[in-house]
Structure formats: C-alpha cells, structure tokens
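Both complexes below contain chain A, partnered by chain B and then by chain C.
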Partner chain A sequence: MDASVTRGDDLVTITDLTREFSSGGGFMKPRRTMRAVNNVSLNVPRGKVTGVVGESGCGKSTLARLVLRLLEATEGTVVFDGKDLAKQSQGEMRKLRRRMQMVFQDPYSAIDPRYTIRRALLEPFQVQGEAKTAADAKTTVDELISMVGLSPRMMASFPHQLSGGQKQRVGIARALALRPSFLVLDEPTASLDVSIQAQIIDLLETLKAELGLTYLFISHDLSLVRYFCDRVVVMYLGRVMEILPGAQARPRHHYAHALLESNFEPDPTRRKVVTMLGGEIPSPFATIPGCAFAARCSAASDLCKRERPPLADLGSGHMIACHNPMD
Partner chain B sequence: MTAFAPIRTAIGSPRGGASAAVLVLVVTCALFAPLIAPYAYDIQNLPSANTQPGAAHWMGTDEFGRDLMSRIIYGARTSLTVAVTAISISVAAGLTLGAMAGYFGGWFDRAVTAVVDLTWSFPEILIALILIAIIGPGLESTMVAISIAYLAQFTRLTRAQIMALKNETYVEATTNLGAGHFHIIFRHLLPNALTPVIVAGMLATGDAIILEATLGFFGLGAQPPTPSWGAMMSSGTAQIFIAPWIIIFPGLAIAITVISINLFGDALIEALDIRNRLRSV
Partner chain C sequence: MTLLSVQSISVSIGTLCPLESITFDIGKGEILGLVGESGSGKSLTAMCVMGLLPRIGGTVTKGSIVFDGRELIGLPEIELRRLRGKRIALISQNPMTSLDPIIRIGNQVDQVSILHLGLSAEAARARSLDLIAQLRIPEPAAIHRAYPHQLSGGMKQRIVIAMALAADPDLIVADEPTTALDVTIQAQIIQIMVELVRDRGLALMLITHDMGVVAQACDRVVVLYAGRVAEMNVIGEIFAQPKHPYTRELIRCIPRLGQERGSLKGIPGAVPSIVDYPDGCRFNPRCGDAQELCRNQVPALERKSSGLAACHFSEV
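Coming up: the complex of A and B.
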C-alpha cells in the first residue's frame, strides 16, 4: 500500500468479502453454489474515484450491493468509516445509509412510475423520518433539481415524460438528497447514448469536486474508466486480479493486460495488434483451486493451476494476484 | 395520468359506454329501490297471482300475486350487495395475503401457495357449497362463502404482481435510502400492483352475481320474502308452463347485469392496456 495512503484515509475497507448464491436443488437434484464475489479485499480512498472493471458476470454489481449492504455477505467484512456494516442494527443502518448512496445502471426503472419527480426527490427525507414544511420541501426540491442541471419545471413530471439522461439526473439528485459522502455508481452511463454519457460523467465530476464525494465506479467501459478513475480494480470471475494505482499505470497481470488492451482505439494509426484470449470463462459454479485465469493464460504454470496467487503489493499501491506477472 | 382517465376512455368506447349505462341503471335501481319500484316487494295478492305482463304489472306477477318488476328492482339490491361486499372482502384479503407471500417468500409463501392452489383446483361453486354446508344458509354465509371462493384468484394475482415488481430497481433504490418493508410494500409495490387486481375484482363481481343467484336458486342464499334473482327463478320453475315470465325476467336481469359488467371490464382492460398482466395468473 502507498505510504501516503494510511488506513484513516480509506472511507471504505473491504476485507475477504465473499458472496455465494445457490440455485437449483429440488427432487433428486443437488443444490449448486456459485461464488459471485470470491475473497475480495479492497480499499476505497477518501475523495478519490475507484473504478471496478471486468466482463459481465464477473461480480462487479454484486460487489456494489455488498458494499452498501443491499446484499448480505456470506463471509468477510465491509467497514465504512470505521463501522463494520454487518454489525449495524436496522436503525443504525438506516442512519448510515444517509452517508452512502447509489446511482443505478437503469434509470428507466430506478424511479417508481407512479411518482412525480418532486415526490421521488422528497422520498429520501420521508423514509428518513425528516418532516418538511411545504416551503422547505419546495426549496429542497428546487435545490436538488438545479444541482443536477434540470429545470424546476420538471418537478410535476412523471418519469415516463423524461428522457433517459434526464431520468439519470433525477437518480443522481435522489442519491445526493441526503448529502452522502460516498456514492456507488453502478454503470451509471451504460444505458445512455454516448453524447448523454459525457454529460453525466461531467456532472459526476463537478459534483464530486463541489461536494467532496468519494466514488466507487463500476463499469465495463474501459476508456471511461481510464478517463474518470484515480484507481482501477480489475475483476475476473469474482476475484480481484489487479489494482492499478493510476489510470495510466501499465497493467502487469495477463488478464488485466488483455482486457485493457481490448479498448477500442478510434485513431487507426495508433491501433496495435490486440492479443486475443483463447478459451472460455469457466463456469462460475466450478471450484477453481488455482488462479481463475489459469486456463486461458499464456504464462500459466503448474503452480497457477494448483495454488491461488495472493494479492501482492508491487509498490506504490500497485497490487497484483499473479504468480508470473508480465514485465 | 390521473386515475379516472382510463375509466373515461372505457366509457368513450361503444361497448364500454353501453355497458356503463346499463350498470348505472342497475345500481340506481339497487340504491333507490323504494322510490322506483311501483309496488312493495312482499305484499301478496293471491287473486291476481300469475297475472300476465300488462299495463298494471309490466312484468306480470308471481305465484303469490306480487309485482315481479318491483321484486326484480329490490332483487338488484340483494344481488349487488352480496356480490360487491363479498368481492371487496376477497380483494382486500387477497391483496394482503398475496403481497406478504410474494414479498417475504419463504415458508409463509409456500404455505399460502399450497392452500391457494388447493382451493384453486376446485370450481368456485363447489367451494361455496361446501362452506355453506358447514356454516348454514343465509345472506351473510353467502357473502362469506363467495369471498372465500374467490380468494385464491386475487391472492395468486397479487402475489405474481408483487414478485415481478419487487425486483424493480426503484425498490432497491428506495431500500438504499433507508426505507423499511412497510414503506416498500405500501408506498411502492401495492400501488403498482393494484390496477390489475381491481379490474379482476370487477370481473369477478359478475361471476359472484351468478354464484349468488345459483346459491339462491338452491335456496341457500337470501331467505324469503327477501327478493333474490336466483330464488325468484327457482320458484319460477314450478310455474314454467303456466307463467313463464316468472323465470324469464329474473333470468334476463342476471344475464344483462353480468354481460354489462364483463363488457365494461373488457373496455377497462383495453383502456388500461393490462391484458398481459391479468393473464399472468
């Protein structure tokens, strides 16, 4: 870990986090268990953007939900600002939720279709038991709505009258209503047009600077992660493969390298040969004793297939889980 | 999007408009029966028994000389009260049970589903007959029997709705704001699940009128002299060759009311665009 990043500088500390899902079972059929998140340890430094990338199904969204205790962890701990989330009572959790919020991938279903924008923006206060006078409510809604760059005229609209980008802005305003310090962004731009994506990212950057927020940014958009994040966590099959200390840091894990290389380069003169990965992702139900990537890795040795590589520090916050890292 | 817009659209369609007009007429008869009915429903006049329909008695008289039209108008009261009360109870109970089963799942869901599926496998009339055999005939037991007979339908429908809705992102988003189960169920899930259940309830009211008439026909419903369309038809069977109008007019009243309810329900489904959601049972 970086010498300047001491434990007190981390807003969220995740230790050995595991979440299992089981499916099937029934008459004469065994229950199958998969580990969506497998022994993940991670820290989210205050005031920074930590990006989590990986293919679909690698456990990114499960991780996001575990961090906010929207799902209970099977094993491991999430410590938010010194508080172990799993040990909080319902009432304490409700209070803590004021400080940790989430922006969802699908803005189209993130607002109740029967709620007006005004009602949706006041709901955070309602569930937190914060009564507001009519005048107070109006000021709050006006403030929130202009903070995310929407017109106060939209207050009386229903979600179906708004565009995807506008809905995502409402989603962000709702997440910010309780003045949180930590925001989990679960692919906030994945279901938006490219031009709108840029606007939303701009907005998130501005808000981060203005409100001093800490982001955990989940995405599969590699160029976006490189642009937006201070640190990049690469996940594969529920495990952390590599943590890059900066967006421009060169990946040394074979999977992280292949993943970040696959990033599409718009300038044809700068395109290089992309190393294609062979093989397929193992079934998440399979128990893999060694490295999850061993079956597809060109540098895999016997050790890789036998023993899971621990997440080791390469210095200056660059962490890697690989027996034979690239040079 | 106000709650009344779909109803207005439904009334605007030809089917919906015509059926709504008939329903308004039936409900008016039920509400203002004493003002509308030309005679009292229970005054017997044996000399003029089995009078043919004519100027004095538009629909004729029954075997006790009572004015048939007055009895049909009062009968609307019985039929509608029983059907609407029974279905309201059934919808309320079904919403509660279905919402809890669908939301919490687990052993409670399995228990509710098992009982509901068991009753679902019998026709409603059979369940109603069994229940009346246990609790005895009468107006109240008819209501209880009908409401239990239709409970399975509303429970299943609500459960299916809630199970689909609870995975919506806004439920997760609201949970993350700190909302508890109570808030999620009553402020988000039930309001969104309500429409198809209400429409199913309305359609079931038509069936409940038939069920009430059937039970009345067997003498298990309202007891004499309270007029009930089913009981009137039953007494008409004895006179079918002497005074066929005694069985025809109550039969027509039942048929027209139920057809109107179904047509209006159909128009409402069309206006609300929820045919798929009703089929999900």
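Coming up: the complex of A and C.
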C-alpha cells in the first residue's frame, strides 16, 4: 500500500491538484480551457476544521468535489487516509465513500423531493447494499433524526414540508448515516437566514466533538470561517493565496487582507474606510503567468506579473504565495 | 425634516396579511436601515413605498404614507409615475431586473434624464458619462456603448445606481443592493453609495438582512419580524442596547472577530410561516423571556428610554 504518502496526522493530503474545464470547440470556434483549480496543495489534519474561503469563481466548490472524487482531477493527487483516490476502482471507491461524505449548499436539491425523510435517510444504506430489517431501519432513522435535533414526527414528511434549516439538518443526518470520519461542507449555511445559520454551525460543532469528525468547510464568508475553522485557506482564481494557521492569525497576503477589510463588523463604532481594489477578477480563461492577484494588487511589481509566487512557509504553518507580503 | 413618513401601514394579499401596522419615517439626508430575515416583509415594505403593490395583487388596508407632505395612498397611478424614478428611485437586488438586455447601457441611463429632467439627448449623454465616472467605473465612454451582458455583476449594479441617481431623486429605496455580489465588491459598492448619498444630501432606505452592512452604513434602523416592526432606534443604541429580544439575538448570531468557539448558538426554532402566525408577540415561541402575556397579547410599539420597541418586557 501507499500508506507512506500520508504525512503526520493528516487525514487528507492534496498535492498539485489541477482541474481543467473546456468550452467551445464547435464549428469555427476555438476550444478554450480554464483551470478551475490550479496546482493546489494542502493538507487536512485529522479532527480539525479546515476552512476554504474565496469569492465566486475561485474554485472552492470544484476543490470540494475533487477531494471526494465526485470530479476527476486533471493532474495531481488526493490521498485519503493513505489511499490515492485516483487509483481506486469503482468498487473500492464506493467502500471509501462510507468514510467521506458531503453536505451540499442547497439541501432541497440534495434530497429527492418524492422521498419521505425516512426513506432519504435510509437511501445511503441501500446504495451500499446494506439490507436492514424493519426494526433496524427504525432505530437507525430515530438515531439520526435525534442526532441533528429534529423531531421524530418529521420522519414521514416530504422535503417541501420542511423549512430551510430543517432540510439542511436532514442533509447533515444523511451525510452522517454511514458514520463517516470526514465531511466536506460546501457552503452549508449560505442559503439560510443568519439565525438559522448560527444554529447549524452550532450543530456541526457538537457533532464534530461527539463523533470525532474531520471537516473541510467551504465558504465565502470570512468571518464565519474564522470563527469555525482551525485553519483557513484563502483561494483566488483557482489558486491558494494564503493558509492561516489559526483564526486569530493576521493575513499577510494582499488579497487575504482585502477580503478581511471588506468584511463589515456588526459594530457601528468600528466602521471601515474601504480601499478600492482596482480592476475586476480576471477571466478564468486568461492565462496569467504571474500572481493571479497582481492586476488588482497595489504592491504588485514586475516580478509579480511575470512569475507565479510559490506557496512558502512563514513558520508555524502559515503559508503564503506572495513575492511582497505585508508586514 | 421628515421626508417620508409611514404610519401604521397594513397590507393584504388575498386572505393573507403580510404586513401589519408598519410605522417608520426617514428624514432628509438620512440613511435608514430596514433589517429582518426572510419573510419579515422588508421587500414588501419597499414595494409599498414605491406604490407597486397593485402589481402583485396587494392592497393597503390601513394607514398612510406621506412623502414630502403628500399622501401617497390613493394617489392615481399617473401621479405615482411622476414620482417614481424622478423623486423616489429604486435599486433592486438583481441588476438584471432593472436593465434591458438588448439596449446599450448608455441609452438606458440617458433615458432617465431625458424622461424626467427633459434633457436633450446630448445633455443626457454628458450627464450619464459624468454619473458613470462618479461611480468609479473605468472608461465611462466604453461602458456607455456596452450591453449589460458584457459587464460583471458589480459593474451592472453600479450602472443601476447611476440610473437611480440620474433624475436627482430625494429618496432612494435600495432593496438588498449588494446581496448578490461578492464581499470585496459589496464593500466597495456600499462605500460608493453611502458617499454619493451623503454628498447630495439624499435619503436612503437600505433594505438588508446583513447586520454588518447596517452597522457600516446606517444612521437609524428599523427591525422587522414576521410582518411587524420589532424595534426602531438610532444605530448606536440598536447595537449597544437593543430593546427587543429579537434584535439582541439577531446581533448575537453573527460571529465577531476573535469570538470564542462554541459561543455561537443561533435563535431556536424558525421564522413562523405567514399562514401560521402565533398569537400575541410573533417572536414568543423563539424568545427565552416569553411569558403568558406574550402568548396572548400583541405588544404595542412603544417609546422606550430611547427609540421604539414592541415588547412587553423590555425594561430599558
């Protein structure tokens, strides 16, 4: 086995991961290729919450799908608990999927609208070919439903009868059905009201402690990520810009800093003067030889436009891809 | 000086009553935040002020809306049309609902000042270019010629703001103007919008669900919950000393920088559905301080030590 690939206590190790998508290529149309995830390397420590934050188009959702091999990588490897995912056969992959699950942003489209909640919660066992007696099925569903704080009365309901927060709880219960050790949470609260968002985050925290889970938490909300995550990965245009070792670490990458400065605190005594970022996020089809943020960065030099900065270690797990980091 | 005064407005759509006794006012040059979660009636309040309720089959059953000394309720459509776009402008959440996809950006902005200010095509163009530049859009002339699909979401929303400003309105109603945008773009647009509104002494009614945006931009805040006003106060008081338990809990739901893990709890339960509103205070099933009285009797919106709140037990 290739167990030696796993470093230290990382459950997932991602190395030089790239995923390309192409469009066009019809009659008289040149084929264009974009790199949604561009040479990303990061590790997900066991029992911790690793957050991935970035704006739309930064590749965070593509990354989430690559990590579970719901999408095939163009290049690079994802190693889950010592196993290189790309090398697993379909059968082996299905077995592995018991241990890695995903919670989606929109719980409504993640659950079959014709299924009752009970049936939706038993579906993972069917897929895994695990037959259950009626009594067994009842215990399992009861357990799952109470684990996520729903009332057993809801078992016979259909998804459309539930509120957004309740549906997301079902989404979480279903992801937990097969007792996985690793959950990828792709914007699990983005479609919910703030009062419900806080409930779901609280639930995810409790479950993590009770079940000893490892999370990869994808979000566009930096304040939420800083609250919930042990490490924060900042992405921009398919690339990792900075990895912050803890919630309190001060960003030193100009983009990560701009992202933090754009986040308004719920405190009128701490109003901000927003520095205007020049320009727009470049087209994902553009080939950028240097730093992806160089076109909008106030500190960009010729070097930044010419050469892509490597992800360098600043010590104690703080990684940054910048030629001129902030002080 | 009060520019817009909304007094105990109730709205019905069919047999439902989505807004009940909504009261607030906006002074000249003031930025008023209207906050609440989904289903609280924020957007409906905006439609009410714009006189657009009949378009969605709603009617105002009670109350009055006075704009600059004039009663808007019962005003004939032709009079409303003169106000809309000219003196009261709307910025909606999705800029594509305000822009025509097959007309060049410039022509759409020009139209506003041609129609409402009676400018010539040439003067309108010059005015549009000036406005576009004020919204810090690079190369105004190129943008003036472009079609909406050629611009990013943030750029389109800036154009919509330019259109709102084109006829020199007195009041701008902005319904979640930055919700569809990325955070860095949101921050810039809020900043530009606040600057322009302040420079011109305009009143802005800013509808949002984001307490961060409210804290950053507003002078005063109205908190809505399930179709009623929960609380109204100046911005400092809302955050420092909320009078309604819902306001207090809502602020606690947002993680702050450096907040300890495990301290974010949310508000139990969910916003009640309009077909199933509880008796008494509509927040009572989710409120930690609810008593028998809260379940039976609707609390009136009363003056507290500062501001107004609709709670039986707020002491401060």
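In this text, the second predicted complex is superposed on the first by the 320 of 327 C-alpha atoms of A that agree within 3 Å, B and C clash if a C-alpha of one lies under 4 Å from a C-alpha of the other, contacts with A are read in each partner's own complex, and residues count from 1 in each chain.
Everything below uses one rule, namely that contacts are C-beta pairs under 8 Å (C-beta built on N, C-alpha and C of every residue); 3 or more make two chains touch, one makes a residue touch a chain.
If you're wondering where the values come from, they're calculated on a predicted model, not measured in any experiment.
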Putting chain B and chain C on the same copy of chain A, do they fit or clash?
-> fit
Going by the touch definition up top, name the partner, chain B or chain C, that contacts more of chain A.
-> C
What is the value, to the nearest 10 degrees, of the angle subtended at the Cα centroid of chain A by the Cα centroids of chain B and chain C?
-> 80
Using the superposition on chain A described above, determine whether A:R179 touches chain B (first), chain C (second), both, or neither.
-> neither
May I ask you to decide whether A:Y227 touches chain B, chain C, both, or neither, giving the answer as first, second, both or neither?
-> second
Between chain B (first) and chain C (second), which, if any, makes contact with A:R306: first, second, both or neither?
-> neither
Tell me which partner A:D202 touches in the superposition: chain B (first), chain C (second), both or neither.
-> second
Could you say whether A:L259 touches chain B, chain C, both of them, or neither, answering first, second, both or neither?
-> second
Distance in angstrom between the closest Cα atoms of chain C and chain B, superposition on A | 20
Chain B and chain C contact sites that coincide on chain A, given as residue numbers | none
Under the touch definition given earlier, write down the residues of chain A that touch chain C in their complex.
-> 55-56, 163-166, 193-202, 205, 220-224, 226-228, 247-248, 258-259, 261-274, 276-277, 280-281
Residues of chain A touching chain B in their complex?
-> 65, 68, 70, 90, 93-95, 97-98, 101-102, 104-106, 109-114, 123-124, 127-128, 158, 171, 174, 178
In the complex with chain A, residue positions of chain B that touch it | 1, 168-170, 172-180, 183, 188, 191-192
Can you list the residues on chain C that touch chain A in the complex?
-> 37-38, 136, 152, 154-155, 182-184, 186-188, 190-191, 209-216, 218, 235-236, 238-239, 249-259, 261-262, 264-268, 270-271
